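Below is one structure; the comments refer to it alone.
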Amino acid sequence: MSSNKFINLLVPIISLLLGLIAGAIIMVGFGYNAVEGFKALWNGAFGDIYFIGETVRQITPYIFSGLAVAFAFRTGLFNIGVEGQVIVGWLAAVWVGVAFDLPMIVHLPLAIAAAAIAGAIWGFIPGLLKAKLRVHEVIVTIMLNYTALYIANHLVRNVITDKGDRTESISSSASLKSQWLMEFTQYSTMHMGIILALIAAVFMWFYLEKTTKGFELRAVGFNQHASKYAGMNVEKNIILAMVISGAFGGLAGAMEGLGTFGYMSVQSGFTNIGFDGIAVALLGGNTALGVVLAAGLFGSLKVGALNMPVAGVPTELVDIIVALIIFFVASGYIIRWFLSRMKRRENK
Amino acid sequence: MEYVIEMLNIRKEFPGIVANDNITLQVKEGEIHALLGENGAGKSTLMNVLFGLYQPEKGEIRVRGKKVKITDPNVANDLGIGMVHQHFMLVDTLTVTENIILGSEPKKYRLSIDMKKAEEDVRKISEQYGLKVDPAAKISDISVGMQQRVEILKTLYRGADILIFDEPTAVLTPQEIQELIEIMHNLVREGKSIILITHKLKEIMEVADRCTVIRRGRGIKTLNIAETNPNELASLMVGREVSFKTEKEPAKPQDTILSIKDLVVKDARKVDMVRGLNLDVKAGEIVGIAGVDGNGQTELIEAIAGLRPVESGTILLNGKDITDLPPRKVTEAGVGHIPQDRQKFGLVLDYPIGENMVLQTYYKQPFSKRGVLNFKNIYDKAKSLIKEYDVRTPSEFTRARSLSGGNQQKAIIGREVDRSPDLLIAAQPTRGLDVGAIEFIHTKLIEERDKGRAVLLLSFELDEIMNVSDRIAVMYEGQIVAIVKPEDTTEEELGLLMAGSKKQKVGES
Amino acid sequence: ACGTGDDEGQDTEGTDDTDQNEAVDFTVAMVTDVGGVDDKSFNQSAWEGLSDFGKENGLEEMKDYTYAQSETDQDYKTNLNRLVRQGYDLIYGIGYLLQPAVDEVAQQNPDTNFAIVDSVAEQPNVASITFKEHQGSFLVGVAAAMKTKTNKVGFIGGTDSDLINKFEVGFRAGVKSVNPDAEVVVQYAGGFNMADKGKVIASSMYNQGVDVIYHASGATGNGAFTEAKDRKKNNPDEDIWVIGVDRDQYEEGAVTVDGQEYNVTLTSMVKRVDVAVKDLSTRALEGDFPGGEILEYGLEDNGISVATTNEEALTEDILHEISKWEEQIVNGDIEVPKNHDELEEYLNSL
Amino acid sequence: MNLLEMLQTMIPPALFFAAPLIFTALGGVLSERSGVINIGLEGLMIMGAFVGVVFNLAFVDVFGDIWTPWVSILVAAFVSALFALLHAVASITFRADQVVSGVAINFLALGIGLFLVKQWYGKGQTDMVDAPFYTADIPVLSSIPVIGPIFFSNTYYTTWLAIVLAIVIYLIIFKTPFGLRLRSVGEHPMAADTLGINVVKMRYIAVMLSGFMGGLGGSIYALTIAMDFSHSTISGQGFMALAAMIFGKWHPLGAMGAALFFGFAQSLSVISATIPFLQDVPQVYLLIAPYVLTILALAGFIGRADAPKALGSPYIKGSR
C-alpha cells in the first residue's frame, strides 16, 4: 500500500522531469543555453516576491476553470464550454461591480455570486439539453463559447457602456484586490481570489467525496442505469453537474473581472482560461487536489515563460515543454510499468 | 492419437491469486467434455489459456498430439479451436453476418466486402448445423439465444473443430437450452469435439461424455458421465454434500401485499408487452413467474419497480397506489428488487463494493446525516453483509468490477434482502451461479418468505420455479394465463402452458 | 531575439559601464500586445522604431532597448512590471489593450516613464500616443470613391470598437466627400483572427457589386485579400480592390495570372508607429519627456500616411485628389469625424 | 436578389468555409470509430496549416504554381499523420487518457509551429504564399443549368475533394473489410481481438489517418483562406470539426452534412446583414446566429447520437 502511494507520488514528478529534460534537449538542439533558459523560467515564476505574486494570480483562474472541467468530468460530462462560462462570469461580475455602489460586505459577494450564477446559467443550457433531449454536451458547449463571446462584446459596447471598448473599472467595494497583498508582493496583480479558489477546491472535494449529492453525481457519471435503479434522478443530476461546473467557470471569470483586471473589455478572441482548464483538470486527474497542483504547475510555467526571452529563448518553447509534460503525465502507465519492473528486478 | 486437446499441468497466476494450479485436461476426439467447478474455480481462465487470450506460467498444450504454443487467438483459430465466451463477443451495432465474417471477410473486386456471398455462406452453415439465424438482423435486435447461435456460427465459419462453450446455457431459456443441446449433438455428429462449461449438472448428465471437476484452481478428477451421478459431481466440486431440493415448510400466506390490476406496459419500441395483467402476491408466499423470455416479464418487473412508465392499470402495495411512482418512492414504499441485469442496473461497477451496499440507502441515517456521508457506518454495514452473504472479495473497498459475477450477485441479494422489504422482486437471482451458491440463495428467499415477506420470483429455470415457488403464475403474451401450485403440476404441463397452448383459467388458490 | 545581425555591441564585453564613446545612459523597452513583436503590424512597427532609435544612439539590443511579448491579456501588467523592475527608463505599452495596465503600473511606479500607444492614460508619468487613423482612413476613402465604378465600396472591421469605428467613420466621410452617391457597405467580423469569415464577407460584398474593400481587421483581412486575388485570377479584367491597413499591404495583394502580374491592393492606410516611438524616445532621451500629454500623430507629422506603392492603380487623378484633401485636413479646413456622431454631423454639412 | 442569385452568392462561401471542416471531421470519424477520442483535431489542423504554408513557400520554385499547392497539402497530410503518431503512441500503447493526450497535441502543434516559424523566418508569422489554390469552374459540371452555377462555378477543387473523400470514407467504413474491422475495434475491441484482428494496429492506422485528414483540413484552410501561418491561423476550426463529427453522429456523410451546415449558417449570417429588413437588427444577432442555429437544430430534430462504445478506453488484453 505505502509503496503504491509512493509510486503515485513519483509518477507525476518523473513526468515533470522528463518534460523538462525534453525541453532542455530541444533548447540545446537549437543552440540555446538550457541552463540559462530554465534559470530565466524559474526566476520569471519565483524569482522574487513580485513574481510569486504574479504566478499566484495566474494560478487562481486556472484552479477555477480546472475545477469546472473536472467537476463535469467526474459526473461523466465533458464541458468544453468553460471558456464561455468564464466570459459570462467575467461580464456579470464586472457589471455588478460597476452598476452598484454598495458596502463591500454586500457588493463583493454580490458580484461574485453574479459571476457564479451567470456561469451556472451557461452550464444549465447544455445540461438541460443533455438531460431532456440527449443532445451531446460537447457540441452545445462549443457553440455556447462563441455565443458568449459575441454577446459579452455586444453588452460591453452597447449596454454597459455607450459604445466604449471597455467598461469602467469596478468600484473598489467589489474588488478582490487588496492593498496589503499588492504592497506585500511589490505591486503584483495578485488578489484575494486565490483564497476563494482554494476554498472552491475544498468545496469540490467535500461535495463530491463526502456528501450524498456527490455520491449521486459520481454514480450517475459511472452508470446511469444503476443510478436510476437506485432511485436517483439522473436528469436532475446531469443538470446539477453542469450548473455547478458552469458556476466554477463563472467564478474563474470573476477572478479576472474583480481581481486581475477590474473591468471587462471587448474581447477580440477567447481568453483561453477555459481551454487551458481542460489540460489543468486532466493533468490533475480530475480531483480537487490534483487540479490545484496542476494549476500551480501550469500557471508557473506560463508566467515564467514570459521571462525566457531574457535568456534569448523564445516563449513558444514553453508551449512545447508544457505539451510534453502533459504527454508524460498522461502516459503515467508506462512510467509505472518501468518502475514496477525496476522494483521487481531489485527484489530478485 | 486419442486426445485432440491435452492441457498438461497448466499454471496461471494473477496478481495475488493462482487461478490455475497444475491443472490437466484431456479431451478426446468427438466427445463432449464437461468442465465443472464453483464460481471462480478457474474454468474460464483455463479456457482462455487454451484460446490464446492468456499465457500460462507453466505447462504444456498439445493439439492432436502435437505440442503447440498458443500465443494469441489467431493461433487458436488456425489450430481449429473456437470459443464461445461466457460474455458474448459480439458487436451490437453490426449485423449477424458482419459479426460472423469479421476478420475473414469474403471480398468483391478485391476491395469491398461481398455481402451477398457472406450471407449465402452464413445461411449455408446455419442450415448445415441447424442453427437458425437471420443473417441481416442487427445483433442488438435479436434474442440472447439467437446471439449465442451467432457465436457458435462464428467458430464454425472459421472451420473450428474443437469448440469451447463457456457457460452457454446460463443466459438461455429452457427451450433454447434444448435447442442448444440438439445443436451440440449435431456438432459432435459432424466430427467436432466440444468442451462445455456449465453449472447445471442436469445438462452435464444429459450431453457430456466425460467431465473434469476443478476446485479452487486445482484439478480434482475426471470421470465418465455414465459412471457418476449429480450428487457425486456436486460434492466433488464443492467439497461437501449439496442438497438440490431446498427444504421448506408449506407457505402460510397472509394479507395481500402486491396487487396488480389490468396493467398495460409498453417496451422501448412502444409495443404493448404487458397487456392487461392481473396478479396478487400475499405476505408469506413466493410467487414464481414462469414464461418464455419475451412475454413481458421484464417489462412487468420494471413497471413495478418504477423504472418503466405504466400505460394503464394500477399497482397497489399494501393497498397504497404505487403506479408510476419514481424508483425512489417505490423503494421507500417497501419494494426490494434484484435486477435481471446485475451489471447494468444492480451495481455501480466503479464504486467499491462497500458503497454499492448502500446504493439505495446512502441518503438515510446512519449512512449520512444532513447530506454528509458517514463512511464508517457505510463500511461497517458492508462488512457485516459481506460476511453474512459470503461475498468473496479481498475487502469491502474493492471495486465491484473486479468481483466475479456470482459474488456480485450475492452482494446485490444481500443488499436487497437486508432492507427487509415487504415485497422482494427477484429476477433470475441465480443465473450463472454454481450449485452451492444457488442453494444459499434459495434458502435466503425462503427465509424471507417465512419472515412474512412477499416474494416475486422471475426465472426461466423451471427447476427453480418448481423448487422455490409456492404458487406459479404462467405468463404468456403479456398476461397471466394460469396460476398453478408446484405440487399440482409437472414441468411438462408448465411447458405447455408457457407455450400458450392450453389456455385454462386456474382459480386463485 | 535570435541573431539579429547587429555586431556593434560585440567588440566590448562589459557594456555596463559605457566604454563606447557615443553610447548614452538611457534604456527603453516596450510591451507588445497579443499580436507579438513580429506581427507585421503596429507591434512590429513600434519595435522597428525602437530599434532605429537604439542603433542611432549606440544602445545594445535586448539590453538597453528591448521588448517583452504578451501571450494573453493577463500578461500585460506582468510584463510592464518586470521591465520596471529591470530599471528601464521608458516603457511603452503597444496597443490600446494595454491602456488599463499602463495606467495602473504607472501609478504604482511614479519614478518610471511610460508611454501608451493607441490610447490615453492620464498619469503624469505617461505620454499617450494616438494616431489620427480617421484622417488616413478619410484619404483612402477618397481613393476608394475615385476608384469605384459601381458606386459601392465596402468596409470590413475586426471588432466593433472605438478604435475600429474611427477607421470606419473616417473612411465613410472620405468616400462621401468625393462621391456623395457612393454607397458604403459596412460589416464587422467579430474578431481579428477570422480569415474564413473575412473571406465570406468579402465574397458577399463583391457579389453585391462592391468593388473596393477597406479592411481594418488584422488577419481577418487576409480572407479579403484571398477573395480579391481569387477573383482577379479568374477574371483579370474585373476591377476589384482591397485597401490595406496599418502598414503597406502591397505585398499581400500580388497575384500572377498567366505570367502577368497584378496587384489588388489599391493602397493602404499606414500608421507610422515607428515614427512616433522614435520621436518620443528621442524627446525622452533629451530630457523632454512629455509626461501627462497626449501626442496625436497625424498626417501633418508623418504619423499617418497613405501608401502609394501601387502606381498603376493610383492614377494621377486619384493622387491629385488625395493630396488636395490631405492639404485641407492638414490646414485644418476639414475636421475629419472620429465617431458616429461626428460623422452624422459631417455628412449633414456636406 | 432573387432566390437563384441568393443561392449563387450563398453556396460558394458555404462550400469553401466547410471544406477544411469536412476533411478534419472525417479524420475525427476515422479515429473515433476505432475507439480513440481525438480532441487533438485542432492541433492536427495547426500542424497541417504550418507544414502546408512552409512547404508551399519553400518549394514553389520547384513545383510551380499549379502543383505546389497540391504537393503542399499532401506533404502536410503526411507530416500531420506522423505527428498524430504521438497521440497514437500515448493513447494506445502508453494507455494515456485519450483526452489528455489530445489536449497535449493541441499545445504541441502550436508550440512547434510557432517556434519553428520563429527559427526559420525570424518573425511571428510566415509570408503569404504565392501559390495558393484558386477557384475555378469545374469542366462540364459547371455548365449544368441552375445547379452548375450554384455548385460548380467559382469553386475550389479541394471542396469537391472533400465531398468525394466523404463518400469514399463512407464506402471504406461501411463496405470494406477494413471498415468493418475498424468499427468492430471501436465498438468491442475484445471481440475483434478474439477474431484475430490486431486492435492496436487498427487503432494506430485510424489515428494516423485522422492526422492525415486533419493535415489536409489545416493545409487547405491555409491555402484557400488564410494564406499564411501565424498563432491565429487555426483558431477553433478543429473544435468546430469535432462538433461536426458529433453532430454528424460519427458518420462520414453526417459529418460532411454538419460541416456544410456550419458553412451555410455562416454564409447566411453574413448575407443577412445585407438584406434590407435585417439591416437594423443588431449585429450581435447575426454573429451568434450560426451557433444558435446549430444548437436549435440539435435540440429540434437531430437528437441523440451514440458514440462508439469502446470510445475512450484503452484496449488491455485479458481485461474487461
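Every chain is named by a letter (A, B, C and D) in the order it is written, and numbering of its residues begins at 1.
Everything that follows uses one rule, which is that a residue touches a chain if its C-beta (ideal position, glycine included) is under 8 Å from a C-beta of that chain, and two chains touch if they have at least 3 such contacts.
Everything quoted here is computed from the prediction, not taken from an experiment.
*Asks:* Quickly list, by label, the chains bordering both chain A and chain B.
*Replies:* Common neighbours, chain A/chain B: D.
*Asks:* Between A-D and C-D, which chain pair is linked by the larger number of C-beta contacts?
*Replies:* If we tally the C-beta pairs in contact for A-D and C-D, the bigger total goes to A-D.
*Asks:* Compare the CA centroid of chain A with every other chain's and tell me the farthest one.
*Replies:* That would be chain B.
*Asks:* Could you please state the distance in Å, as a whole number, between where the Cα atoms of chain A are centred and where those of chain D are centred?
*Replies:* So the centre of chain A lies 28 Å away from the centre of chain D.
*Asks:* What whole-number Å value describes the gap between the mean CA coordinates of chain C and chain D?
*Replies:* Inter-chain centre distance comes to 34 Å.
*Asks:* Would you kindly tell me how far, in whole Å, the mean C-alpha position of chain C lies from that of chain B?
*Replies:* The computed centroid separation for chain B versus chain C comes out at 75 Å.
*Asks:* List the centre-to-centre spacing of chain B and chain D in whole Å, with centres computed as mean CA coordinates.
*Replies:* 46
*Asks:* Two or more other chains in contact with one residue: find those residues in chain D.
*Replies:* Residue numbers touching two or more other chains: 118-119, 232, 235, 283, 287.
*Asks:* Which positions in chain B are in touch with at least two other chains?
*Replies:* Not one residue of chain B touches more than one other chain, so the list is empty.
*Asks:* Multi-chain contacts in chain C: which residues touch at least two other chains?
*Replies:* In chain C, 1-2, 160, 190, 192-193 touch at least two other chains.
*Asks:* Just spell out which pairs of chains touch, all of them.
*Replies:* Applying the touch criterion to every chain pair yields A-B, A-C, A-D, B-D, C-D.
*Asks:* Spell out the part of chain C that touches chain A in their complex, as residue ranges.
*Replies:* Where chain C meets chain A, its residues are 1-2, 62, 68-75, 77-79, 81-82, 85, 96-97, 100, 105, 108-109, 158-163, 165, 190-193, 339-340.
*Asks:* Please give the residue numbers of chain B that touch chain A in the complex, ascending.
*Replies:* Counting only chain B, the residues touching chain A are 305, 307, 326-332, 337, 339, 344-351, 355, 359-360, 362-363, 368, 371-373.
*Asks:* Given the complex with chain C, which residues does chain A contribute to the contact?
*Replies:* Touching chain C from chain A are residues 44, 50-51, 54, 57-58, 149-150, 153, 157, 163-166, 169, 182, 186-189, 256, 260-263, 265-269, 271-272, 302-303, 305-307, 309, 312-315.
*Asks:* Could you pull out which chain D residues touch chain A in their complex?
*Replies:* 86, 90-91, 93-97, 99-101, 103-108, 110-112, 114-115, 118-119, 232, 235-236, 239-240, 242-243, 246-247, 282-284, 287-288, 290-292, 294-295, 298-299, 302-305
*Asks:* In their shared complex, at which residues does chain A touch chain D?
*Replies:* 30, 78, 80, 125, 129, 133-136, 138-140, 142-144, 146-147, 150-151, 153-154, 158, 269-270, 278-279, 282-283, 314, 316-324, 326-327, 329-334
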